[in-house]
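These are the structures in question, set out in turn.
What follows is subunit A paired twice: with subunit B in the first complex and subunit C in the second.
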Partner chain A sequence: MALIGSARRSRATRVPPVVLAFVLVPLLAEAFWVFWPAMQGFYLSLTSWDGLAAPTFVGLGNFSEMLHDAVFRTAAINTVLWLLLFGGLSAVLGLGAALLLQQERRGIGFYRAALFLPVVFSLVATALVWQAMYQPEGLINNVLSAVGLDGWRHAWLADQDTAFYAVIVPALWRQVGYVMVLYLAGLKGIDPVLYEAAKVDGASRLQQFRHITLPQLRSVNAVVLSVIVIDSLRSFDVVWALTRGGPYHSSELLSTYMYSTAFQSLRLGYGSALAVVIFVLAFGVIASYLVRAFREAD
Partner chain B sequence: MTAFNATRRRFLVGAGAVGAGALLSGCVTQSPSASGGKSGGPVTLQSNLSSPQAKTAMQAVVAAYAERGGDGARLNTVAAETFRTQLPTYLTSANPPDVYTWYPGSVAESYAKKDLLLDLDDIWEQPELAGYSDALKKLCTSASSGKKVFVPTSYYWWGMFYRKSNFAKWGVQEPRTWDEFLDLCDKLKSKGVAPIGLGAGGDTPWVASAWFDYLDIRVNGATYHRELLAGKHRFDDPEVRKVFDRWDEARPYFDPNGTAIPFQDATTALLQGRTGMMLIGTFFADAAPKDALDDLDFFQFPIIDPKVPVAEEAPTDGYFASARTKRADGVKELLRYLAGAESQELYLKNSSGTALPTHPDAKDAGTPLVLKGRKLIESAEDVTQFFNRDSSDALQPTADTALVHYLAKPKEIGSILTTWQRGAQKIWSQ
Partner chain C sequence: MTATHTSAHAGKDPGTDRAAARPAPRRPAARGRALRTTGFHVSAGLLSALWLLPIALVLVTSTRTFDDIAAHGVGSWPRSFTMDGFRQAWVDGGLQQALTNSMLVTVTTVLLSLGLASMAAFALSRYDLPFRRVLLLLMLGGNLLPPQILLIPVSKLSEVLGIYDRLYALVGVQVGFGVGFYVFVLHGFMRAIPGEIQQAAVIDGASPWQIYWRIILPLARPALAALSALSFTWIFNDLLWAITVLRTDTQMPITASLIGLQGQYVSMWNIIAAGSVIAAAPTVAVFLAFQRHFVAGLNLGAVK
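And then the complex of A and B:
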């Protein structure tokens, strides 16, 4: 009897090979295509390599070079600015659009679709459309002339004072629709009874928003924040297609600087070191947020 | 139930096999010894000539090569920027494309030094290449190994291009000297035309390097220029500063949109008469409407100091091959064909025809524009290639940043040159 019992227990705790395969095969693939290249990237960040000769080990030389690299400083500051401006504005505008378009009215679907439409286009295609609009003889300057604002005409992408902000606009234009959809889904999930009760209690619209909508959207906020942080730090395509980080590094992000250093100047060791910095930043921001979110959930 | 289990097991086994197969095939493409093992088949020709006319011309050449029999060649056209950034990867991969469109001189040398280029000494003895000039032979020889590593097929010139009809309309003529050039700029400006188009915006900031190159070879000479680009002088030297003193004199006449639009748009502005002239290479004609070609003319970049020997920029184009190719015989046969008069004429006939063939017997397009271009290069005392070709692709971004910065903030030239030198130093010290 005792024997039978132990045999049964061991059969119960043994992991079936099928389950093991489901875990191990993807892990193996992930290790081969993701972890291994990432480890190699980390190793390359400790070397000086032109992509042709064998890499030479320089220890933390690349990282100490960053401390004195003015372009790296600009790129890092721009990346933080991008995170705040692109992230903050897309959350605020996305929530605003969702609040505006949550009511079921005739034709509301059209407006929702119109706002969501940019999400469908690839960012490079979006950037090309905006590049045409930003041209010296493009739509934006022509509209400014037409309304008598000739003095505002500008080479938007070629001026270091405007290039960075000009690049954020198409990125935002695309992101707002995405965030709006996330918030719309969140708003739909709020129980209408809460609002009815608030109305009975005489709560104003602002009070309803402050005390019902915002707290109820907490779980959506977590998703939106993760999406925004990830999208901010991986922003590359729109900047590269529009300005390539220029003019003279004014719209440089860490991602564009990494690309140009590695693949244009062929300093692959330094480029890898920049990639490590981006990874640490992304991982740091997201991990610290998740830890906080889990702690609050507990 | 049993049947279901069996089916499920079979499904999983199948899925596992597919997964493992995919994984293995992934390994195979990574493996240095695999898939490139075939020595037969068509030679792969990786081309960066992606503008419509140049691409068509390449297709015509490859098709004509196939008609001669043999394995032929497979043309793979890649966007110029992608090609440039991928080239080191192509050449160092275990299974590289065989033949590449690219540049001779210091650009090829950087790869030859690392033993990445196929030794082409034997085909230079063949009749197709025997008559090539000594200058070309020298340009295609690796300084480190003394072996020929490049096959040139065409070259083109840079000049100040303009529309004849527009110059006639404005009542102006070609200048010879720097002072005459500045006078011309004055006249054009007084007629409400932006005198000098540039096109250093978008993804073509490198166009500004032509101005740097020409001013440097006119002020300091071609020898100094080449030494500067090789790291033997500093970008913050007084000689380089003199280049920008001259540029300062011409800068007020530049199109204010010069750094906002790419050269293709700047060319359109030139053809439409919104700008008066433009320092550009003849490659721009590959995208120009055919009817405008007859109206185009150019003049030599003005002489600044008559004591400095006259040099012109005449970049040479052609091909090199990977040292790791598995089809060395096929590669050499293709290169011999490309070096011949027949294929070069075929290329010119199908493209805009503004380039010059390298084969002494090959006929150029014969238009007055091409004759004038040929004369310009043949009468020059020295010939330079272009900034990145005389230095390296890696150095080009440092020039792009510095020159676009200078055009926007000319007063900051002191700090711009210091930063440029610092950036260049990092590249040279690699």
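And then the complex of A and C:
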């Protein structure tokens, strides 16, 4: 440790210019495509702009408009619901799958791969697969008929009451495998000695789970939570491919509303303000993610 | 999760569980283990079947004829077999062009962003640059920003630059947006490489470029493989950036084209399913070829 420390210090005397370039080129690429546009985005949220004429400054006008915008309210509530349902269920199901499939035994690779395979699909392809399942004559309705639940048959995506939930299912189908992988890695990192000791003390399975597994998974939980919140707020593809936020905005998320406001209604100022709302919702997670990264960076 | 909850369960459970855990007389224990193994395979098998069902369905649907689907519905047993859906999606539906676009953008972006990111990670992890921690986290922070805040300015920026509706614009924004995350992951990996290796090279008169290219990069190969597999699927599967900076159908990548296909061939499920299979094939192939790296990649990025 001391040796590395002193080596570092002696290297610090002069950083070769080529090494500076190694950092500056990627940093400039990111500054150009991310930091500079982000600052513009914040500025545009304070303007009214149709994309052609010059933007006019309206202060917080866009944000006060949101207070009276019923679609915004639906989209915001849906986004929170999405976070709770999609996020909560994918965490619980992912942990459940990881617990089921944690032990190395014959055939385990196949089961894991089966749950994991959807992760590599694009959400658009996923959405289309599920759209076929949701059709009036699709597999889901046919299965319902076959088990005698004819009354449950439904135009799942066309009904305002079910569209939102029908969109969550494919998103979950794809996310569970990902969360499972994170938890599997976490479970593998737990020292088996802890379980041995608990068994000697006569702890039940549930007590072991409660007092060893869960506390040991704390850092993975934090990661899963961050991943889920960030993914939830970014969720766009699956809704766009399945319903475009319809029918009557019933499956609208802030991200889809932002996109259609900006690029279809061409209200670029208001769209930017919606993007700022998404940013503000994500900010806490980003900040805590960075704080954790900051601690680990050295 | 609450105390009452656990104690309620704990009061009920120990009997059954202790019987399983404690060394009981040989024979019942063996039978119990066999039972549990069977139970495991049944539940895991059912779960896997449920998960694979939609994939099986799309494969079957893609090989049915349109008449079959029209007559019996998309959820019925197949009564026909044809590869016609693939031909129509590939040729008439324009997926050939779309797949070419996707591959061009994806391969270029993966190479460029990992090349740039590995350089930055090398510099930040192997040299005492001023503010290196701040730089590292600034770059990671850029990747964590919700893309929505960037969409409008990026589309305008590419218009101003005259690259709107060109594949370069998509490559540019994908590189800029992704590079921060790759730097962060590679930095973590490269930092763990012992300093002595580098010092020995310095003594032998190696330049920073030689150290990077000949020593650090080969040592970082596992992380690079994992990140390549991961970023390939991310970029290949992206929809949002593509529809933000591209407009013409012939420029669109496969995700956007699939949505177009869905509009063009309403309820012609054989074509739409065939299109989905074509769109999923490259990432599934990457996954199967790099399964271990791929899964490692997910953890590399996350367990931070």
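By our rule, the second predicted complex is superposed on the first by the 265 of 298 C-alpha atoms of A that agree within 3 Å, B and C clash if a C-alpha of one lies under 4 Å from a C-alpha of the other, contacts with A are read in each partner's own complex, and residues count from 1 in each chain.
Operating definition for what follows: a contact is a pair of C-beta atoms (placed from the backbone, for glycine too) under 8 Å apart; a residue touches a chain by one contact, two chains touch by 3 or more.
Predicted model only: the values in this text are computed from it and were never measured.
Q: For A:263, select first, second, both or neither according to whether it touches subunit B, subunit C, the two together, or no partner.
A: So A:263 meets both subunit B and subunit C here.
Q: Can A:97 be said to touch subunit B (first), subunit C (second), both, or neither?
A: The answer is second: A:97 touches subunit C but not subunit B.
Q: One more residue to check, A:197. First (subunit B), second (subunit C), both or neither?
A: A:197 sits against neither subunit B nor subunit C.
Q: Touch test for A:25: subunit B only (first), subunit C only (second), both, or neither?
A: In the superposition, A:25 contacts both subunit B and subunit C.
Q: Considering only the touch criterion stated at the top, classify A:140 as touching first (subunit B), second (subunit C), both, or neither.
A: Touch status of A:140: second partner only.
Q: Taking the superposition as given, does A:248 touch the first partner, subunit B, the second, subunit C, both, or neither?
A: first
Q: Which holds for A:33: it touches subunit B only (first), subunit C only (second), both, or neither?
A: both
Q: More subunit A residues touched by subunit B or by subunit C?
A: C
Q: Return first, second, both or neither, reflecting whether A:160 touches subunit B, subunit C, both chains, or no partner chain.
A: First partner only.
Q: Just to be sure I follow: which residues of subunit A are touched by subunit B in one complex and then by subunit C in the other one?
A: 18, 25, 29, 32-33, 51, 131, 135-137, 263
Q: Considering only the defined contacts, which subunit B positions touch subunit A in the complex?
A: Contact set of subunit B toward subunit A: 12, 16, 19-20, 23, 26, 85, 88-89, 91-92, 110-111, 114, 116, 201-203, 205, 256-257, 259-261, 265, 393-394, 396-398, 400-402, 404-405, 408, 419, 426-427, 430.
Q: For a test of understanding, state which residues of subunit A touch subunit B in their complex under the given definition.
A: Checking each residue of subunit A against subunit B gives 18, 21, 25, 28-29, 32-33, 48, 50-53, 70, 131, 135-137, 155, 157-160, 244, 246-249, 260, 263-267.
Q: Okay, in this complex, where on subunit C does subunit A touch?
A: Residues in contact with subunit A: 6, 9-10, 13-14, 17-18, 21, 37, 40-41, 43-45, 47-49, 51-52, 54-55, 57-58, 61, 72-76, 116-117, 119-120, 122-124, 127-129, 133, 135-157, 172-173, 175-177, 179-180, 183-184, 187-188, 195, 199, 207-209, 212, 233, 236-237, 239-240, 243-244, 254-256, 258-259, 262, 267, 269, 272-273, 275-276, 279-280, 283-284, 286-287, 291, 294-295, 298-299, 302-304.
Q: Any idea which subunit A residues touch subunit C in the complex?
A: 3-4, 7-9, 11-12, 15-16, 18-20, 22-23, 25-27, 29-30, 32-38, 40-42, 44, 51, 97, 100-101, 105, 107-108, 110-111, 113-118, 120-125, 128-133, 135-143, 173, 177-178, 181-182, 185-186, 199, 202, 204-207, 210, 219-220, 223, 227, 230, 233-234, 236-237, 240-241, 254-255, 258-259, 262-263, 268, 271-272, 274-276, 278-279, 282, 285-286, 289-290, 292-294, 296-298
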